[in-house]
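Heads up, there are several structures right after this.
In what follows, chain A forms one complex with chain B and a second complex with chain C.
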Partner chain A sequence: MAELPTRSLSLTINGEAIGPVDVPEDLMMIDFLHEYQGLTGSRLGCGQGICRACVVILDHDDGTSEEMRICITGAHFFNGKRIRTIEGHAERDAAGDIVALNPIQQKFIDHFAFQCSYCAPGFVNAATVLVERLQRDPLAAGELEGAIEQALGEHICRCTGYVRYYQATRAVIEELGLAKEG
Partner chain B sequence: MQHPHLSRRAFLKGSVAAGIGITIAPLGSRAFAALFESRVTATPEPWASPGGARFRIDAFSKVCGGKVFARDIRARDMPGWPRQQGHAMLLKANRADHAYQGFELSSLDESLHPDRIVTAADLERDGIAFPDSHGPDPLLPQGKTPLYIGHPVAILIWHDFARYRAAKNALKFRDDLIRYGAATGEVERPPYGSFRYVRVGGDTPFAPDEFSSLKDSDLFPAIKNRRPVWPDDPSLNGDVGERGLYHAQRMAEQLEQPPENWEVFQARYTTPYIEPGALEPDNGNGWFDADSGELHFVVATQCPQEAARETALMLEGSRFAVRHLNVHPGYTVGYGSKDHNIFVYYAALAAMYGDGHPIRLANDRFEQFQSGIKRHPFDMDYRLAVDRDSLKFQIFRAHLDVNGGGRANYSASVAAVGATAAQSVYYLPRSDLATTAYPSRAVEAGSMRGYGTLQTMAATEMMVDELAERLGVDPFALRRANLLEAGMKNTQGAIPGGAIRVGEILDKAERHPLWQERHERRDARQAEDPDHLYGTGFAISQKDFGTGAEAPMASVEIDAAGRIRLRQIAIDMGTGAATSQAMNVLEVLGRPADDIKTGETDWSELALETSGNPYTMSQDEQDRLSQTPRWTPRLASPSSASNSAYYASHATREAARLVFRHGLWPAALSIWRQGIYGGQANPYVIRLEDARWVEGHLTANGMTPLSLATLAAKAHELGLITGASVHAFNRWSWASAEFALGEERSRLPLDAVAVKYGDGADDDKRRLMSSHGYHLLDRQAMRYPDVQLNNAHVTYYSPVATLVDLRVSKGSGEVEILEHYSWVECGKPIVSELVMGQLEGGVAMGIGHALLEHMPLYEDGPGNGSWNFNRYQVPLARHCAVWKQGGEILPPLSETDPAKGMGEVVMIPVVGAIVNALAHATGQRFRDLPVTPERIQEALHG
Partner chain C sequence: MRRLLLGALLLAPTLAVQAADDETLIEQGRYLARAADCAACHTAEGGAPFAGGRPIESPFGTIYGTNITPDPQHGIGDYSRDDFYHALTEGETPSGRQLYPAMPYTSYHLMRREDSDAIYAYLNSLEPIARSAPETRLSFPYNQRWGVALWNLVYADALQPEDAASHSPAWQRGQYLVEAMGHCGECHTPRGWTGAMDLDHHLEGGMLAGYLAPSLKAEALAERGWTRDDLARFLRDGMSPQGSMFNEMFPVMHLSTQHLEDDDLAAMATYLLGDSPPEARRIDAHPLEELGDSARRGRQGYLDTCAGCHGIEGQGKPQVAVAMEGNTTLRLEAPDNLLKVMLNGIAAQDFPGFARMQEMPGFASKLSDAELADLSNYLRETWGGRAGDVSPEDVAALREESGHATP
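Right, the complex of A and B next:
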């Protein structure tokens, strides 16, 4: 049998060093997480980078973070990089049980924001990136709705009509004081 | 929704089908989680308080990316499975006008060739009996013409992911894999179903009908040349069919030559071919352990009971010698599209041919568009006659053609339900509704949210609004003049259940500023913004919930510490059914269920058996069968048809009531009567109707509040009833029977009851608990609803109305929804947040239906495998006026109102409201959906 070309991949996922692992050169990151790491929370929606159910957070060395659509991004792009997936946000105890959610997760459940939840990981990650950006650089209250629209507006949810995702995200930002009056 | 499909097996009992034992442990259930080292659904803090649900019962797992979907599961997640996960894909023909002559994989590198290829010849050789209801030809044999574009011809299986992925990438989007022979044209077949519903009411809406489906019969045509044919000259003296058609013909004549004071409106409406777009694509993952004869099967389905039963029957006589089937349904989402879905059986077959490897068959989005169940396009010819003086509707005639695609699914039923819903909120003294579902070479259509009623009721609201304009009357006045009120009959001659509160909704909507100020607002905005046209529209609908053969099951048990365990047949599809069912227990037992298992099918304690078809059996057959003490017309319902809030709740609440009435209540009396002279209870009169739960404690007429734990301990000590398992049947009315509970004999809206006694039960009671740990009660004086009630077609309704404010770009024709507001009446909501979530999501889906979503049906459509979300626009937040929308739930008439299903109706009125708003903005009436920018440009400038 002909060998499929592979290359070594090392990265950090949710604070844990992974690899080196030999994986196919053209493997998409979503397949690496699903089939090699058992992390299936980043969901395959379209495979085209359209729906954003697969979004993870890429952490940069300068302290900034950004969304990445991993259904259209090769696994090897992430070599040496740090990402956070939906599985990594909540604080867990030694037994692995959840102790606390991140503020976006908590507000999403308080607001009944999702239904089937297939898209929820993408929304959590996108909203988390927004909150982190605003923590570095707060905005004027009048710009808040626009900022949320820009951050979440391309994400597809077929169940909810988006209302509670948006309201919950706004509530987090307001409660953290990241939208300044005046 | 109606699901009048025929069972191919006449007898099923308990959880054994075809001699193959079935166990179902849903993903996310504690039973399943117990198989794992980590509990994926453990909720680290209480999800409910006495005041209600704090969040969804599944919230933590879902928001943390837990493995809640079948799609999330791989072999290594499953205890006992081999760790190497194999994968499969379906190879499909993308032409349906030539004979299929085999396939060609020679372009594939030899190292990537599948480890196993399964074709029709394999199924034939191995004795696979694919479910009749999904036949014929699950894999197309060579020499035959595909029934539809995308017809599978083979299952390709690889034993590892890397080769599967590389091979699939090499094979996708290839047109040269399938060999075709001679041109044959499309396969021609008769309609999937054709029906007619004729009603001629009496002198008043309350008088007996002259003719109707319920009083007389539905009507059925002859089929000639694949078209329905009705008699030319029916006689009033003929049989029931002829009489009905006689009335239909008289109506047609009168519509052609109406009295002078009638306005006869006629219009044709069409609706698009829609992709449900459930974000979890169809998938299944199975491992056949040949040594033990067990098939372990993780699957995404709305109907795990049907999936399990049909899988067992499929494999019954095969060479594989399957002895046991373990089915694990996940939390899922489908909007109907995972109900009665053929994909389940392809996935099960892939597992059977895995040669010992677990095999996962999971659609990507292209494949989901190519093969997933679609919404039926409707072509509707409506005529409505109205008396100009009284504004009363006189005759409604609707003839519907429905495109069911290439494989028989629920098309006949969708066509029927669409027709019988077309009347919407209106009383129609005479009506003639004819509907036919046709096959075509399009990808199969089936169940999808709304189930035909979206198409017909949206058109009705577009028609009524236009008619009001034509008559020069206020559209609310025209609606009010024709409302179906309590006690009036629907178009099948049945009286809807309970109060009808459509008038209240109309009052609220008419007073809303969006409506009151619509003209001034439009004119002012247009003066400021000459590039856009502004408009406001309204529509209202009421939709059935349930199928006419609902069979809910539930059991409620309470242990001596007061922990409540609920088992339910319903499955959660994102709507929150698990949460709401757990909350149902709150009112009766003082707190929600602590543990809920959904998707349960092991109801052995009830020892039920079934036979016959509940939709088509004769009264004589039902009378005869109901003499059998454990017979029921239907064992189990799928989770569909907005059926959890009312029907599933019925079973949960009835089971909880039995535990309360015959367990906790007598336990409370026992405690309150402790001491001399009857204790604290003696000076007072204690009645059951005085019982109240206050902050989790039971009191009645001033008695000391008692905690659930105290009561449960006492009930167990006294050997009272601490658990109840129930089955019910509803054919637009509940079956009922008498049951002896202790010394009491009660008529209950149930057809099977089994109870458990507490730990302190004496030997006599313990001996009675011989039915899988329960005491199975013998029912007496069983009453099933008359089979004629099948012809009611619906008696349960929930209404919703929506106001929409929008603007249209004069240049591009683009529509922007600026604001919308809705009202829903759903009895007493179980969890208001879940109801509002359904409303918000339904409105979004309706916006897509009205403005955005459509696909070609045939060669350029989804069957060719090239469709995805890049070219199929589902609504995004910016399409939904996400910051400027509102809604309200009408307060229940009292706390005794039932919870009514509303998951489908919420998406309907927004469609009519948008089209009516477009008319307000542009002066143009649009009758073909979706109303795309191109259609608007043509209307404005063409």
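Right, the complex of A and C next:
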């Protein structure tokens, strides 16, 4: 079999500069994380951009962040870009061991938000993007439910019925004081 | 008494026959109303069937489809058969009001009287809906209905079918379905400054809601890869190896063509492609080494943002995304439809028989003009048999027209 054509890839993952690495031109990002980086927390679900179990966070230079579905986005799309994955959220000590979960992860556990956990990485990243948006631009409390629905509504979960994910996300936002009166 | 009884016995089968005849006529009317796609304009989204209210955007303003249920005040309950035929084919209501030519009497004037009568019977069998559709208010001078009367002198019956005598019965049937009932030319023919179809370029393609309704001429269809079988299948299923319906053609399939008999769809394809159709052009994928610079750059963009659904070799994924190989939109001379789909995306769609296509996201906020130009050149050169001559400026113009900001 002919060797796959490759090209050089450099990017930042969870604050760490990666590369340059030679990566096949047509490799999907989820396979790059799994096979090249040993970061297996992003889940391959539908493989066609529907379920959003694979979602990671793309950080922009202007301080905004957005969700990316990496089962349908090639690794080279991220050349020169910065992303965060589920492995990057918790606080770690010098040895790399987890010391504390971030507030979203912790609230998801406190609220029994997930069961089988397959969709959880995508939900954590989606909720993180929402919380960061509200940190830049807080929302009236009356609009919160709609904002949560908009942020998490496309993510598919087959166990919980979503209510506990929504409640946990609301709790994080309220505790951080990101919903104003009104 | 005996005579009465005898009379009743004699009458009963006649009444039963009459009722069965009515039922047959109503069923014929239901079919023909679908063939004529009356619901496209006369049924609002989520509204009662044929109660009107669907907004139709025109260069002259928004026109609303009217209520054509048998309500006497708001609908056509007071129309006689003659009145109905007159409105359908000449664009004038019983009260003498001129309809705006968004009502395609410019095509329906070719409709047979018996077909009009069947549609009339069907519409009159429906539940009357006592609700008026929103009133159409065009700005001056287009609100002057007498102007339409003058317009009609020139255009009302300008569309005259080609002589059908030397053609097959299927072709003749197809001509009637395409030209009169389906009124395909109303969108697929360019319009002049008066808003009338430019019949010198009949079926050569027209602009609609920002997209090109492409040419339906036989040579152009064959050039874009269409065979009669595929065209008939496309009308029935909304998809075929050439791609899937989007924009304004998608509701046409839902409301009209999916309900037509296979023979009628085959007849339409026969009329459009001809009794001796030109051979559909096959295009083998053009190898990467032979592509231009822009297209070669576009290759990586394709792998990064498109191949996940459309396949690395452009093979597509069933029920998810159409194939690029053989795709008819890539073959259009103008890249505009392709670029607009790339900018705007296509919402998730349901097709007949539980088939579906996943949402195609728009890339206006993700990709720059240069990246989109490279991508479209890759697609058009590789699978469309076209030159890679799309420039970032071309993309910028369409981006502005579609109201998207630059990322």
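In the analysis below, the second predicted complex is superposed on the first by the 181 of 182 C-alpha atoms of A that agree within 3 Å, B and C clash if a C-alpha of one lies under 4 Å from a C-alpha of the other, contacts with A are read in each partner's own complex, and residues count from 1 in each chain.
Note that a contact is a pair of C-beta atoms (placed from the backbone, for glycine too) under 8 Å apart; a residue touches a chain by one contact, two chains touch by 3 or more.
Treat the numbers as computed from the prediction; the structure is a model and nothing was measured.
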Chain B and chain C placed together on chain A: clash or fit? fit
Margin query: Between chain B and chain C, whom does A:143 touch in the aligned arrangement: first, second, both, or neither?
Written below: neither
> Between chain B (first) and chain C (second), which does A:22 come into contact with in this model arrangement: first, second, both, or neither?
Replying inline: neither
Which of chain B and chain C A:156 touches, first, second, both or neither: first
Query: Touch check for A:77: first (chain B), second (chain C), both, or neither?
result: second
Of the two partners chain B and chain C, more of chain A gets touched by chain B
TODO: Name the contact category of A:89: first (chain B only), second (chain C only), both, or neither.
DONE: first
* Asked: After superposition on the shared chain, which partner residues are touched by A:7: those of chain B (first), chain C (second), both, or neither?
  -> second
### Task
Mind working out whether A:175 is in touch with chain B, chain C, both or neither, as first, second, both or neither?
neither
In the superposed arrangement the C-alpha centres of chain B and chain C open, at the centre of chain A, an angle in degrees to the nearest 10 of 90
Minimum Cα separation between chain B and chain C after superposition, in Å, equals 5
Chain A residues contacting chain B in one complex and chain C in the other 26, 48, 50
As the complex stands, chain A meets chain B at residues 1-2, 4, 24, 26-27, 31, 34-35, 38-48, 50-51, 53, 85-87, 89-90, 96-99, 101, 105, 108-112, 114-121, 124, 145, 149, 152-164, 166
Residue set of chain A touching chain C in the complex reads 7, 25-26, 28, 48-50, 71-74, 76-77
Residue set of chain B touching chain A in the complex reads 38, 42, 44, 54-56, 58-60, 62-69, 71-74, 76-77, 85, 109-111, 161-163, 165-166, 169, 276-281, 331-333, 335, 364-366, 573-576, 833-834, 837, 840-845, 868-870, 874-878, 880, 882-883, 885
Per the touch rule, the chain C residues reaching chain A in their complex are 299-300, 303-305, 307-309, 312, 317, 320, 358
